[in-house]
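Please read through the structure below; I'll follow up with questions.
Labels for the chains are A, B and C, by order of writing; each one numbers its residues from 1.
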Amino acid sequence: MTNVLRKIYVALIFIFLYAPIGTLIVLSFNASKSRAKWGGFTFKWYAELFQNEAIMQALTNTILLAVLSSVIATIIGTVAAIAINKMNRTGRTIWMGVTNIPMLNAEIVTGISLMLLFITVGMRFGFVTILLSHITFNIPYVILSVMPRLKQLNPSTYEAALDLGAPPLKAFFKVVLPDLAPGIFSGLLMAFTMSLDDFIITHFTKGPGVDTLSTKIYSEVRKGIKPEMYALSTLIFVSVLILLLLVNRTPKDKSKNKV
Amino acid sequence: MKNKKLNSLMASPYILWSIAFIIIPLIMVFYYGLTDKDGAFTLENITAITAPEHIKALSIALLLSLISTVICLLLAYPLAMILANMKGNQDKLIVLIFILPMWMNFLLRTLAWQTLLEKSGVINQVLEFLHLPALEIINTPYAIILGMVYNFLPFMILPIYNVLCKIDPNVINAAKDLGANNFMTFIKITLPLSIPGIISGITMVFVPALTTFIISNLLGGSKILLIGNVIEQEFLQANNWHLGSGLSMVLMIFIVISMIVTAIFDKDGEGSAL
Amino acid sequence: MKKIVKKILIVMLVSVLSMTILSACSSSGGENGVVYVYNWGEYIDPETIEMFEEETGIEVVYDEYETNEIMYPKVEAGAVSYDLVCPSDYMIQKMIDNDLLQEINWANIPNASNIGEQYYVQSEEFDPGNKYAVPYCWGTVGILYNKTMVDEPIDSWTVLWDEKYENNILMQDSVRDAFMVALKVNGHSMNSMDEAELQAAKELLIEQKPLVQAYVVDQVRDKMIGGEAAIGVIYSGEAIYTQRENPDLEYVIPKEGTNVWIDSWCILKDAQNVENAEKFIDFMCRPDIALMNFEYITYSTPNDAARELIEDDDIRNSTIAFPDLSQYENLETFSYLGEEGDELYNNLWKEIKSE
């Protein structure tokens, strides 16, 4: 009984989270350019999408930024989390406070202040300035994800490894890191997600001609979102889903035996 | 001693990074917030919060983001428990499935909710077909709450799921062996152990919800002014960066207060880390 | 757990690789230099840019913004050195006031003569002497209504205060446009700086708020097409498009007068490629190119020669796209009211919004 209830609960949340995605997918097949009207079924937006060089370029930029910024932020953030965790109470409070600042600020404040910073330093606006900004707002998500795991960590296992003669680095990679992995992973995931979605900060730190999907979509808002964007979202969604399923179906799938 | 050196070495990249890209920009915000157009020192931009329209925007934003955070917590906790209890290879995939919607553009997803909720939207057409009364929440605070919960729920699920996974099942079994029922086990063991995750989740939901302006524009029909809208308007329409920065500073104070409050509940977590 | 990290990395890697391969064929710089153009989103037919690049060998680095207000700080801060921007009337005046634009050398833009005299006259309101701005698009602000949802012919802004249409009204979510409506209803200038007039307009807008379904900027199109509301305040450039999608919709310029706006090309003060910028403007003023843009974005073109080329009589003589402005009274163009003006309007708007 409780099992059934659980499944229903998971399913309900699932529906809640996917209802808009379903809507986007349906809209991508809508022959009418308007979001509000069904004009018949069509594939034409998919065909037009691939001819649209600007959108494809924006897609490349978006993914490159998301991957680079999330990976760099994860490395800096994880190392920082471990270091902060070992600090004394005051140090920890200060640096956790600093960590929270990018999240405290309204995005627009972060965006404009970073723009001012880059102007002061005389940096050329372009891909690099966006990347730096993305790493900056991604690090806190990593630290906030890793911290709870670190707090649960039993320090004696690491010490035990050291006592047994393991060099610190090895002890860290063999004992501490596996324990932190879920936190690191979800931090990476969140950083990746935040980078994909950001508009305001990207807008103020980007250079001419460098677009991400978000900045493209927002600039389309005034004249109406182009249906190609729905088509692209659908494609991204479907391909990520398929990739996830494929990767998860790799051999040694023990779950089958377990059932 | 050696450990300490290593530690400061590990902390240094982040410390340098945050000085360059967090603290210096923050000082710029403070500078704008504490000066007027001629560059003279003033507290006017801070005290501007007491203007009735700002107080109102702030309190509505606090109320709505608080409600959204509570709803997110109530929805996410059971879900995280169910997911954490799943055995085998598939559980990670399922967690990913709950994050996946966020990889679609935020603006597109929020616009999609508009399509769903509108007077003649998808949901109402279905309800009409079933001869049920129409759902009229678009352009009301309820739609804003829905938008907030929808957009920030995954931020609550992930950290709670993470800490729940880490709880040693033996502890729970031991409690049960000692005669605690499910409810007691949850109250005495699971819940206290998961507090760090809850705190992370609350921070990650409450803060962006408090500062959002796009959700209230798209789903609230711009009829409800949140403090995020005011700040956005000051920066982008009024071009008054001084007032915008000043109000952001006030907002930061509120967020810091809320974090201190949560930190008080976090005493256990801090203690065990020491 | 390590496995899952590995998996996600594989997924990311695969996507990055496939993306880089997909976009490997991106363009390189033009032989005759570049021009940095900063324009409204979706405000040009992309094909015209390609044609320009082919004909002149100048590479166009094209960038888009969502509103005048988002564009301004980026240009003012000098974050990026654009050559050309396309702001609206009052923003052009503000940029002139703040010394951000340079005077146009009309001799280098022969095609500018294709633009109707009346638009230059209109431009004088924000650009005295026609020194800085070459008109690109123009239009009016009016009421779009759904014939099946209203009972009487509509010709006045006052319908936006009719309680019959409670929850069926879409109002513009921008300070100046909203105040323009209220000021016009009261018979005042939409560039008013008179405290009493503005207070009266504010009271009127507060009175209207319970009737308003939503304050929108861009979604007014989709909402009107979908029949979400009976009446909406909209830019004339959107009217042709919305009518095409939903024939029940009708656009009208209210009798109390309205805003006539013009978006124009301007060369920035610190432009690096002035010559190329002039060539770009000149190209955009060519009748066939202006026609392509008009057909793509459906906003009225001030290019008389291009209008002559429109094949469809209904559109060429459309009173929506090309209204005879002499028939209307109290038409105005926004002017920049200075920082105090901005502040005054914005504070009043906040009071309305927080009601």
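General observations
Here is the rule we use: a contact is a pair of C-beta atoms (placed from the backbone, for glycine too) under 8 Å apart; a residue touches a chain by one contact, two chains touch by 3 or more.
No experiment lies behind these values; they were computed from the predicted model shown.
Across the two candidate interfaces, A-C and A-B, the one carrying more C-beta contacts is A-B. Of all chains, C has its CA centroid at the greatest distance from the CA centroid of chain A.
Chain B and chain C have Cα centroids separated by 35 Å.
Mean C-alpha positions place chain A and chain C at a centre distance of 33 Å. Here the spacing of chain A and chain B, counted between their Cα centres, is 15 Å.
Among all residues of chain C, those that touch two or more other chains are 1, 4, 67, 70, 73, 223, 226-228. Residue positions 92, 111, 114, 118, 120, 235-236 of chain B are each in touch with at least two other chains. Residues of chain A in contact with two or more other chains: 35-36, 112, 116, 182, 189, 218, 221, 240, 244, 248.
Interface of chain A with chain C (complex): residues 32-37, 53-54, 56-57, 59-60, 63-64, 67, 71, 112, 115-116, 118-119, 125, 178, 181-182, 184-185, 188-189, 192, 203-204, 207-209, 211, 215-216, 218-224, 226, 239-240, 243-244, 247-248. For chain C in complex with chain A, the touching residues are 1-2, 4-5, 7-8, 10-16, 19-20, 22-23, 26, 36, 38, 40-43, 46, 61-67, 70, 73-74, 77-80, 82, 217-218, 221-223, 225-228, 245-246, 297. Chain B contributes residues 3, 6-8, 10-11, 13-15, 17-18, 20-26, 28-29, 75, 78-79, 82-83, 87-90, 92-93, 96-116, 118, 120, 122, 150, 153-155, 158-159, 161-163, 165-166, 193, 196-197, 199-200, 203-204, 207-208, 211, 213, 228, 231-232, 235-236, 241, 244-245, 248, 251-252, 255-256, 259, 269-270, 272-274 to its touches with chain A in the complex. Those residues of chain A that touch chain B in the complex are listed here as 6, 9-10, 13-14, 16-21, 23-24, 27, 35-36, 76-77, 79-80, 82-87, 89, 95, 97-110, 112-114, 116-117, 132-133, 135-136, 139, 141, 144-145, 147-152, 168, 179, 182-183, 186, 189-190, 193, 196-197, 199, 213-214, 217-218, 221, 225, 229-230, 233, 236-237, 240-241, 244-245, 248, 253-255, 258. Touching chain B in their complex are the following residues of chain C: 1, 4, 67, 69-70, 72-73, 173-175, 209, 212-216, 219, 223, 226-228, 339, 342-343, 346, 349-351, 353-354.
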